[in-house]
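Next come two complexes, and both contain chain A; in the first it sits with chain B, in the second with chain C.
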Partner chain A sequence: MNPQIRKNQPVGVLSSFIFKYSGYLIFILVALYFAARSPAFLTLQNVKNILLQSSALGIIACGMTAIIVGGGSHVVRGGIDLSLANNMALNAAVTSFMVASGYPVWVAIGTALAASILVGAINAFSVVKLGFIPLLGTLSMMYILQGVQLLITKNTVISISDPFLKAVANGALFGIPVAVWMFAVSGAAVYLLFHRTVLGNWMYAAGGNPDAARAAGIPVHFVVALTYIIGSITAAAASLIIVSRLSGTVPGVGDLMLLDVLLAGLMSAIFSRLAQPNIAGTVLSALFVGMLSNGFTLINVPTYWVFAIKGVLILGAVSITTTQQRKVMRHV
Partner chain B sequence: MYKAARAKALLMSLIILMTALLSACTTNGGGAGNGSPAATGTAEAGGGVTATAANTDQAGGAPASDSGLKGVVDGLPVPSLAGKTIGISVIGTQDNNDRQAYQGQIDRIKELGGTVIAADGERNDQKAIADIENLITQKPDAIIKHLGDTKVFANALEKVKAANIPLFTIDHPSEFSITNHMSDNYYIGSSLARHMFEDIDGEGKVAVFNGFYGVQACRIRYDQMKYVAKDYPKVEFIEPELQDVIPGTIEDARKKIQDLLVKYPKKGDLKAVWACWDIPQIGAAQAIDAAGRSDIKVYGVDAEPAALDLVADPKSSFTLDVAQEPYKLGQAAVDTAARYLAGEKIPKTVYLEPFIVTKDNVEEIRKKLTAGGS
Partner chain C sequence: MSKLIGPDLTRYSTLFALLAVIVIFAIVSPAFLSMGNLSNILSQSAVLAIVAVGLTFVIASGGIDLSIAVSFDIGAMTAVLLMKSGMNWLPAVLIAIGAGVLVGFFNSLLIVKVKMTPFLVTLGTLFIGESIEKIMTRGGEPLYLPGAGEWFQFLGRGSLFVVGGDDGGRIDFKFSILVAIAVALAAHFLLSRTVFGRQLYALGDQKEAAALSGVPVHKYTFYAFLLSGGICALAGIIGSSVLTSFVPLSGRYYLLDAIGAVFIGSSLNRQGHANIPGTLIGVLFFGIVANGLNLSGINFYWQSVARGVLIFLILYLDSAAARRRLRPAKTKAA
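The block that comes next holds the complex of A and B.
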């Protein structure tokens, strides 16, 4: 991304290579390990499974990354949306409730999308106009959304069956599952927006140094608000996959996903030489999380080990990134 | 340069650590969490060594050899699973009931000489659906699915059928399943209700947790309870019904019951609390016992160890529990799969007898459960 940084590094060629590509290396090492242990891992069907199982997480994690980019990655003051996973769950609840109540599926999906965007807009308003710390503003929104979901679902499973949703769940186009297409299209759209347009540069500028960005004439408020709206749209798209796969909605579906979403968003930095959150990295992180779950089942790791190993792998990835980040900071 | 070397060392040690961890646990094989080292050893060697060795000489080319073991439910011979791989998908391993069913399947598959691929849904339906897809990829000879909401898993189980893999279920009726295995939930539901309504002299208010009507076992027990209630017209159910949740079930139920105690402060206002399983009732009994409301009685199902502790406590409001044998349920599902794969005729549903646990017989039942289970 920034060539002079590379030139200035006085460290060994091999170690700097390893650090620059640490994320990819770990990804490939883990994949090779699974492939060596299970002949089923690299089959076409299994690769499709990993993509399918990572789709919802990947889409919504792109939204989380967008918000982190626009708001800056400072742990406390930076951009974050803790309500994002519950926004998705709200969307799932609204869709399921309306379809179960007899509304056409398109009306249900449209209403749910509007509800999600409204939530995103309220988050944007509270962060940009009222100046809330995103961590707190969106945390309160998360609780509100949990409450609203309870009101809608009565905390029960809402089961629906609809030909369109069934097609999203089990259907395929050119041999590739519909959900994976949705993942590919939304991932590509957010990637292009962030890494190939002026608006994308503005978002990085607003997150990196808002004062400098403002001085350069970038409408920082508008840009930050936009990231929350983008996030809410990804939540709606992910919800469509979830509702299809679960044939409705189940209680707690948002809470269960929140940490994975945050993880994929923040871990995206390990797939970047500058250790910055980015969209391609987010897609890879989501695939990494999906691949771990899938691989552990395939190589028959006792379930009691899975969390510990997941934690160690992620710790490894993050410690490498942190070291890398420090190196980059020294040379900037 | 020094820093670079240190960083390199850090990276190398991390990679070594990760490899060590991964290989350390994968040698464990079968996925048995609390399985003994001996059991794991036989799994590596291809399963129940003694069982398969005993019947290889008599098998002599016959398609399905007898394992030498008897069915856990009917005592009839069970064919060997030698050379067969069975995929199992449990909904979670948080509760004793889940763990027992999980372990029962794993142990039985090994005893019968088969290979296990085990997946734990971690009580996360999305994960459990992914597990089933991942099992299909590995083309096992059969898949056993444990618990879960029938409609939520319909899409995933349809994929099992489409892949032509025989599907068996535990506490999960499905149009795609060949045989479902469950405790006799009709009996559990009606006998629990009869005891409860008799204990409160057939009148007064009853609070009901009904968060999981979509789960077959809960639906049957709830419907049976309501059916019996028709003959106790003076029993009144508190509306709206309470909703039990997962996770955080105990804590959540405790709060809900505490709120209810505030709402019904007078002795005799609230007579009993019902749920289709034990976990919320542990919280309910804790709340009631702490408030000193000995006038309220608590009823649950599953014989969770913590619930049995409460039943055994003469001062606790936990009055009656129904014990199932989840370990045996897991074993029974494997027996059915083995028979099906050997071409034998198998029933649509396999029922297991439950036991009523009261304050009088709790120790006796506890001994029985320990002997039959892990």
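The block that comes next holds the complex of A and C.
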């Protein structure tokens, strides 16, 4: 393109507005559509439901985003953790098994947290110290965790009943369920860490250009390792919600969640002006995914259509945003 | 040895690890090394091999394709539906491969024209495709093909030759192994002996640099995804011939194993390029481990753990060897 023309073309107010907010616009349009189709959609109770349904996904997706940010978004060699959803499932299995065998709930949750962090530490070690491609190192961890879960649960449903877990599942503070509070608090904590601290800048730097970051004196290895640990802690937090809501654990609960977690993490870029993965965008993406599932159920779309519509909407949202971002980037 | 295997495989540690695994299985279970069982491993690996070869093109070009699971299923579904409606097997198979190519076309259109990241695009395609399968099969019931023609059945079940009696010493060389070998040879030729292959690797290494030096980046991205879609559809067709039916969502089963195989293969290459000989070794690794663990009678629950630990060990050996060799002049992992 002729640079002369580019310079003389002012960025339209409208196009820059759409560019900045296209992710949000799509979010609102879809919500409006559901509200028009079903009067039950915009009720307080249903909004609470959506928040509740997205909370576990949202928390764990923040962890995935952390790992993508710290490892960079290269398609093959970038940061990714395929074992994250199964880490959550392992945590759920350990908690349920220990409570079912009579240990106090705090011991069970503590042990499960330690197990999750251990998994995160092994991932961090294999990626940072041993130099595995994250995709492959965490894939092998995913296989291991699938097996360990089977060993712990013997491939059966473990049902537990515990006053503390019941309180997590049914309790509410100021009318807002505990799980939603957990979602809000962990989302805010990761957000502050990533967007308001030096450590967060380091993580973006480590992911963007590790060599430059190293040259600037940033402890790249430490920073990348930390993202895997953060991921494992979010997995443990999400597991607490899952265990309390299911009153135990179900085989395969992690495999079901993996793709949604990846989706929310990667889709977060559409809520960002720089088209980068970010925490606020991740929270919105998780809510978007939760809203789609909820809305389609309310307007009675057959379940096997839901995934197709979800896929089309997501591809549509991402492609519109990407195109808009490119159009305006050209002027910047 | 490097002359024997070719320039793609420059790191042997993984090969030795594979040999060690074979030796352990041979000690634990005497039946493992029988010719009959080895031919079993090959025929069990044929379908995964074809899927992984298809994926190799995309990963060589620096992308990723999660929708291979869908190309696989769409290929199988189209073939079975067309033959159910009375079409001859050959046009049905060709149209089915075309359907897989179409999936690849859809992916690459979004990647090249809209510039979305391959991970997201193919994830979206995976959701959409699996949903279409459920819609076509009333929520996921298998489609049976009772009156399948002899030729179609031969694709997946036919034997080229059988040596020995009906006992354990029976060697059954399936036709599907030949298909896998033919696809792999053609792919290997394309990747290692043609301008297309060389430029595809350049594209995978450094997209911007490749574009500046005249590699038709968009066209080659298209080709990589079209090849991946078509080849995976072929694998799905063979899979449906083995079962004489279409089982919805069966492609998912191959997805992660195929990704694992291609990356194990790329870890065998000094530049980390995805390559066909390496991919095949990765596939054999999965086949050998699954078969050996079964034969040694280990608890089913442990098999997944063992598989993960073995991949981990292979990666470890590979990285340890790389670090030893690279210690004087440390290269960066791009």
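Just so it is clear, the second predicted complex is superposed on the first by the 307 of 332 C-alpha atoms of A that agree within 3 Å, B and C clash if a C-alpha of one lies under 4 Å from a C-alpha of the other, contacts with A are read in each partner's own complex, and residues count from 1 in each chain.
Quick note on the criterion: a residue touches a chain if its C-beta (ideal position, glycine included) is under 8 Å from a C-beta of that chain, and two chains touch if they have at least 3 such contacts.
For clarity, every value in this text was computed on a predicted model and none was experimentally measured.
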*Return first, second, both or neither, reflecting whether A:151 touches chain B, chain C, both chains, or no partner chain.*
second
*In the overlay, answer first, second, both or neither for which of chain B and chain C A:300 touches.*
first
*In the overlay, answer first, second, both or neither for which of chain B and chain C A:319 touches.*
both
*When the two structures are overlaid on chain A, which partner does A:105 contact: first (chain B), second (chain C), both, or neither?*
neither
*Who does A:121 touch here: chain B (first), chain C (second), both, or neither?*
neither
*asked:* For A:262 in the superposed arrangement: first (chain B), second (chain C), both or neither?
replied: second
_Quick one: is A:172 in contact with chain B, with chain C, with both, or with neither? Answer first, second, both or neither._
neither
*Partner, of chain C and chain B, that touches more residues belonging to chain A*: B
*Applying the touch criterion given at the start, work out whether A:189 contacts chain B, chain C, both or neither, answering first, second, both or neither.*
neither
*Given the touch rule stated above, what does A:137 touch, chain B (first), chain C (second), both, or neither?*
second
*Name the residues of chain A shared by its contacts with chain B and its contacts with chain C.*
154-155, 303-306, 308-309, 312, 315, 319, 323
_chain A residues touching chain C - in the complex, by the definition given at the top_ = 73, 75-77, 82, 126, 130-133, 135-137, 139-148, 150-151, 154-155, 210-211, 259, 262-263, 266-267, 303-312, 314-315, 318-319, 322-323, 326
*Going by the contact rule at the top, pick out the chain A residues touching chain B in the complex.*
10-12, 15-16, 18-19, 22, 29, 33, 37-38, 40, 43, 45-46, 49, 52-53, 56, 154-157, 159, 161, 166, 169-170, 242, 244-248, 250-253, 256-257, 290, 293-294, 297-306, 308-309, 312-313, 315-316, 319-320, 323, 327
*Residue ranges of chain B in contact with chain A within the complex*: 1, 3-4, 7-8, 10-11, 14-15, 17-19, 21-22, 25-26, 28-33, 93, 116-120, 122, 124-127, 129-131, 133-139, 149, 151-152, 154-156, 158-159, 211-214, 240, 243, 245-247
*chain C residues within the chain A interface of the complex*: 59, 62-64, 110, 114-121, 123-128, 130-132, 134-135, 139-140, 204, 256, 259-260, 263-264, 267, 300-309, 311-312, 315-316, 319-320, 322-323, 332-334
